[in-house]
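Report on the following structure.
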Amino acid sequence: MSEFEIPPPPKGGAGALLPPDAGRDRPLFIVAAILVFLACIAALGARGAWQQSQRWTEDLQTSLTVQVRPVEGGSASEDAQRAADIAAAMDGVANATARDRAHAERLIAPWLGTENIPDDLPLPLIVEIRLEPGIEAPLDALREAFDEAGINASVDDHSRWADAVRGAATRSQTLALALLALLAGAAAAVVAFASRASLAARVDVIDALHLCGAEDRYIAILFQRRFFMLGLKSGAVGAIIAVIVSLLVGTGSQAADASFFLPSWENNPFEFLLLAIAPLLAGATAALSARLAVITDLGRRW
Amino acid sequence: METSIDPSFSNTSYETSAPVIRFDNVGMRYDQGPEVLRDLSFDLPRGSFQFLTGPSGAGKTSLLRLIYLAARPSSGRISFFGRDTATLSREELPHLRRRIGVVFQEFRLLNHLSVFDNAALPLRVAGKKRSDYAEDVAELLAWVGLGDKMKANPATLSGGEQQRVAIARAVVAQPEILIADEPTGNVDSEMAMRLLRLFVELNKLGTTIIFATHDLQLVRLLDAPVMSLAEGHVHIRAPRSQRQAEYQRAEDEAAAGHREAFEDIGRPPLDSPDGAERDE
Amino acid sequence: MSEFEIPPPPKGGAGALLPPDAGRDRPLFIVAAILVFLACIAALGARGAWQQSQRWTEDLQTSLTVQVRPVEGGSASEDAQRAADIAAAMDGVANATARDRAHAERLIAPWLGTENIPDDLPLPLIVEIRLEPGIEAPLDALREAFDEAGINASVDDHSRWADAVRGAATRSQTLALALLALLAGAAAAVVAFASRASLAARVDVIDALHLCGAEDRYIAILFQRRFFMLGLKSGAVGAIIAVIVSLLVGTGSQAADASFFLPSWENNPFEFLLLAIAPLLAGATAALSARLAVITDLGRRW
Amino acid sequence: METSIDPSFSNTSYETSAPVIRFDNVGMRYDQGPEVLRDLSFDLPRGSFQFLTGPSGAGKTSLLRLIYLAARPSSGRISFFGRDTATLSREELPHLRRRIGVVFQEFRLLNHLSVFDNAALPLRVAGKKRSDYAEDVAELLAWVGLGDKMKANPATLSGGEQQRVAIARAVVAQPEILIADEPTGNVDSEMAMRLLRLFVELNKLGTTIIFATHDLQLVRLLDAPVMSLAEGHVHIRAPRSQRQAEYQRAEDEAAAGHREAFEDIGRPPLDSPDGAERDE
């Protein structure tokens, strides 16, 4: 073989059997990238809301506040110290601290001012109890023990606040997950339509391949591979932009309430997993969607 | 008028072997349209060379579409190698198609592949290795006069060059049946002869060939049977050697009528600037 | 003209000169609808945040709270009443109400309990002042007047709260507007690419039209019209879905903090305007984008 | 071999009027490729009928592309109606193109429009009202034998039928210049004559016609000058009436060489089953 110059094999191997269709896939690429980006943002947002609420409710759940009121003829600060000792001795309590009268005065200062408080005003004193993590607050045991010891105390487990925080977190999480589902569905629909359109646009290529003896499987694989690559690439672009945005948002200063809904980049396995999985998921969705569309369409021939 | 018989064809046996293709009362229509082909029955023996002629729109391409399995008959039965096509499943099609080579009237080249890759497509689809076929494909392309265009994009070729790529693609896998739809419509008569020679050689190697053409000069070069389609029906003329006398007579008449016919055609409906010459 | 049957004129007039390309535009349609939907949601969200913050800050801005502390030898409730009278006489004050000692006791009950408060504890009393809307709070004037009248009062204009609310609103609004801009940009890019691809896919049609003597303008109008219609239709679908979603969200029960970020359908001109303008905007974006792409591409020929 | 002169053409004046198209040392290449056309210089007089022949790949289509303003020369000067095309702006092109009708070798029909709408396209683009042209278009389609296919989709037509739609589209606006690239490659000889007749009538009405074809039989029907392209150069033969003697001699030689040539072509590179017949 010397007199003829045989052209080199095409780049990309068998994939090149489908025309590269330069411009035609580009809108699809952009759209897929946008969808993946928004999906990642939604997922990070859902994750962020969950984490934030976890952190807050954990804070609230692992602490109890006890108000010790002076009883007739007793000393409030002694009672408070006794209450702290009783609590500290309990199972599951990490530590208990009795606060003094100065602390109580500071608490009501916004209401009464500082000079107005007579020294003999019977102020309730606060005992702060910190539980060991993961322990159910021993509310009843504490109340019983205080009653037995003759201490007039009320115990607050912050459940009102924790419920509110949890509720808000659940709502924002639901919102983010709904958005995620919407975006995933939209992405799948877009790819299905696009691969069907792409099939229709290349009906000449398909015909030529068929008449050269190509099997349906052979053709489906060509499309599948192309759309997998498209999904993978646009997914990677979308995911990377999402990470960049969440990093930017994470470094910016922000009030706690806003961060509740914003995605933020936490340097932990979940985020890395999401980053790694999003392009694969996008690719797989695209490939599956394309395969189904192509096989269905080809099956209708002959 | 040349009527001599090419001696190289006298040894080709047209009627000896079993039919590779058999049509039994085949009818065909597109959708709800009228019947394009009506009640066709014929056998194509293995290794035969068959011309197919007929006026434009007679159904030549439609008949060929039936043979290369791109369409199904709306009535009747077609068998390949003794197998009824109605019983073929989708899975069996590709393997049957690999035994058939097709040159399309509209070429159907893939413009995103090079000339070389287009010609090599059937081999590639069949899973052959590039290194195994590269030399053969290059040699074939050189034969059809495209040795220096192998890397070109088919879209940048002239009409006749594209046609030759289509022919190379059809013959490259040396199919058992070769179907050619006006394979010489876009080339000059010298190249047409060269291409016909390619088909003849392939035929000698055992390929059954069906060659649709309008070019009666080409038909006259070979001593092969001629199917002519008209109004949905087919008429098969035996090879010239078997009907020398009658053929000569008919052709002479046609030639004489040629110029007369041109004058008899009448005037097309064109507005003359003054409107006077127009015949309503 | 009897022997020939002339086909009826094509539907859609000149538009039919471009192939209908059934399936090929469908993904684009869906994508555009999704983008418009998200854009509408973002716009409604931005609008919702703005409205909510307006409502809250207005509430806070039109009210003042005065704490009247008893002075040595004076009566707190008398001072409070005097303060209320002084305030009520001022320009821009709609009304001023002095609250009694019981009200003050209720306020500090969470801290001191109800039984613990001695009758002689000098509790500060509250005077609530409501301003006429749109008036700058006359803080200095009030303080001066109270000083002159010998009343020990501190005036709180809630500015700390109002700032926080405004800040949160601004943040969520910025977020929504950024999303809106992203979506609009994405939509324009998608249409530009799509129309260019569509042009490339129909290069045969363009060629035929050109060689039949069509002008660039003529061809650009064909594309422009098609993409305007596509933008209009997908915009309408997206906007309608956005309205439905916001209606659903609006009827569902929700906590205030969540509604701060959710779109909600307020039955007022802005929402109707948005609904009406979104499809037009989408159509105009699409048409402009297509026209620019086509004219640029055609200009490169000959 | 028919060599008689059609009397209907003897009154057509080929050299009397000013040239509508003038080529001055025109060269053309595609991108970085070799020169396809080299140093062409010729005039086409108004109202002339010009055949264009040449082997496949000689550059016929490329030359026609220059004439229908789809390509620009890489060197030299082309003028239309006395106007240098290099000075043409994009805005002027459409108006010039409306004076030119083109039949493409690959038809280029719009498959989303009916046959009728395809044929009427130049009129529609020029802003004419449908009711004004409907009758004329229908009559023209009937003349080319497509009276019953007006509502059909071009994609469902046979090759020859599509070609006729392309011809109808090219002539419908009665252009001043008509360029036809193998307009009869896909039709039988009877239809080819009918179509040629259409071109002749148009020519009589004043249209300058350039007719590229491989069909020498068709060329022989008319007493018109023949341009032949070979290796980038053009050679113009005067109408037959002016060179009767030499023509006859050349044609006879060609005919004699026809069969001989076919045998001389040699064997194409095909693997014979036993591998023995292969000549390396």
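For reference, chains read A, B, C and D in written order, and residue numbers begin at 1 within each chain.
Quick note on the criterion: a residue touches a chain if its C-beta (ideal position, glycine included) is under 8 Å from a C-beta of that chain, and two chains touch if they have at least 3 such contacts.
Note that the structure is predicted; figures quoted are calculated from it, not measured.
A.B. asks: Compared with subunit D, which chain's mean CA position is the farthest off?
C.D. replies: Relative to subunit D, the chain whose C-alpha centre sits farthest away is A.
A.B. asks: Using the average of all C-alpha atoms in each chain as its centre, how far is it in Å between subunit A and subunit D?
C.D. replies: Going by mean C-alpha positions, subunit A sits 69 Å from subunit D.
A.B. asks: Roughly how many whole angstrom separate the Cα centroids of subunit C and subunit D?
C.D. replies: For subunit C versus subunit D, the centre distance works out to 65 Å.
A.B. asks: From the C-alpha centre of subunit B to that of subunit D, how far is it in Å?
C.D. replies: That pair's centroid distance is 24 Å.
A.B. asks: Do you know which subunit B residues sit against two or more other chains?
C.D. replies: Subunit B, residues with two or more chain partners: 139, 142.
A.B. asks: Please list all residues of subunit C that touch 2 or more other chains.
C.D. replies: In subunit C, no residue touches at least two other chains, as defined above.
A.B. asks: If every chain is a node and every touching pair an edge, decide which shape results: line, ring, star, complete or other.
C.D. replies: Looks like a ring, each chain touching just two neighbours.
A.B. asks: Which two-chain combinations qualify as touching?
C.D. replies: A-B, A-C, B-D, C-D
A.B. asks: Subunit C touches which residues of subunit A in the complex?
C.D. replies: 22-28, 30-31, 34-35, 38, 69-70, 104, 107-108, 111-113, 116, 118, 121-124, 164, 167-168, 171-172, 175, 186, 189-191, 193-194, 196-197, 200-201, 254-255, 257-258, 261-262
A.B. asks: Over in the complex, which subunit B residues touch subunit A? Could you list them?
C.D. replies: For this pair, the touching residues of subunit B are 68-70, 72, 90-91, 93-95, 97-98, 102, 108-114, 116-117, 121-122, 124-126, 130, 134-135, 137-139, 141-142, 147, 150-151, 169.
A.B. asks: Using the touch rule from the top, collect the residues of subunit A that touch subunit B in their complex.
C.D. replies: Per the touch definition, subunit A meets subunit B at residues 1, 3-7, 9-10, 14, 16-20, 204-205, 207-216, 218, 299, 302.
A.B. asks: Quick check on the complex: what are the subunit D residues that touch subunit B?
C.D. replies: Subunit D residues touching subunit B: 2, 4, 6, 8, 30, 53-62, 105-106, 136, 139-140, 142-143, 145, 156-161, 163-164, 171, 174, 181-182, 185-191, 193-194, 196-198, 201-202, 205-206, 214, 216, 221, 255, 258-259, 261-263, 265-273.
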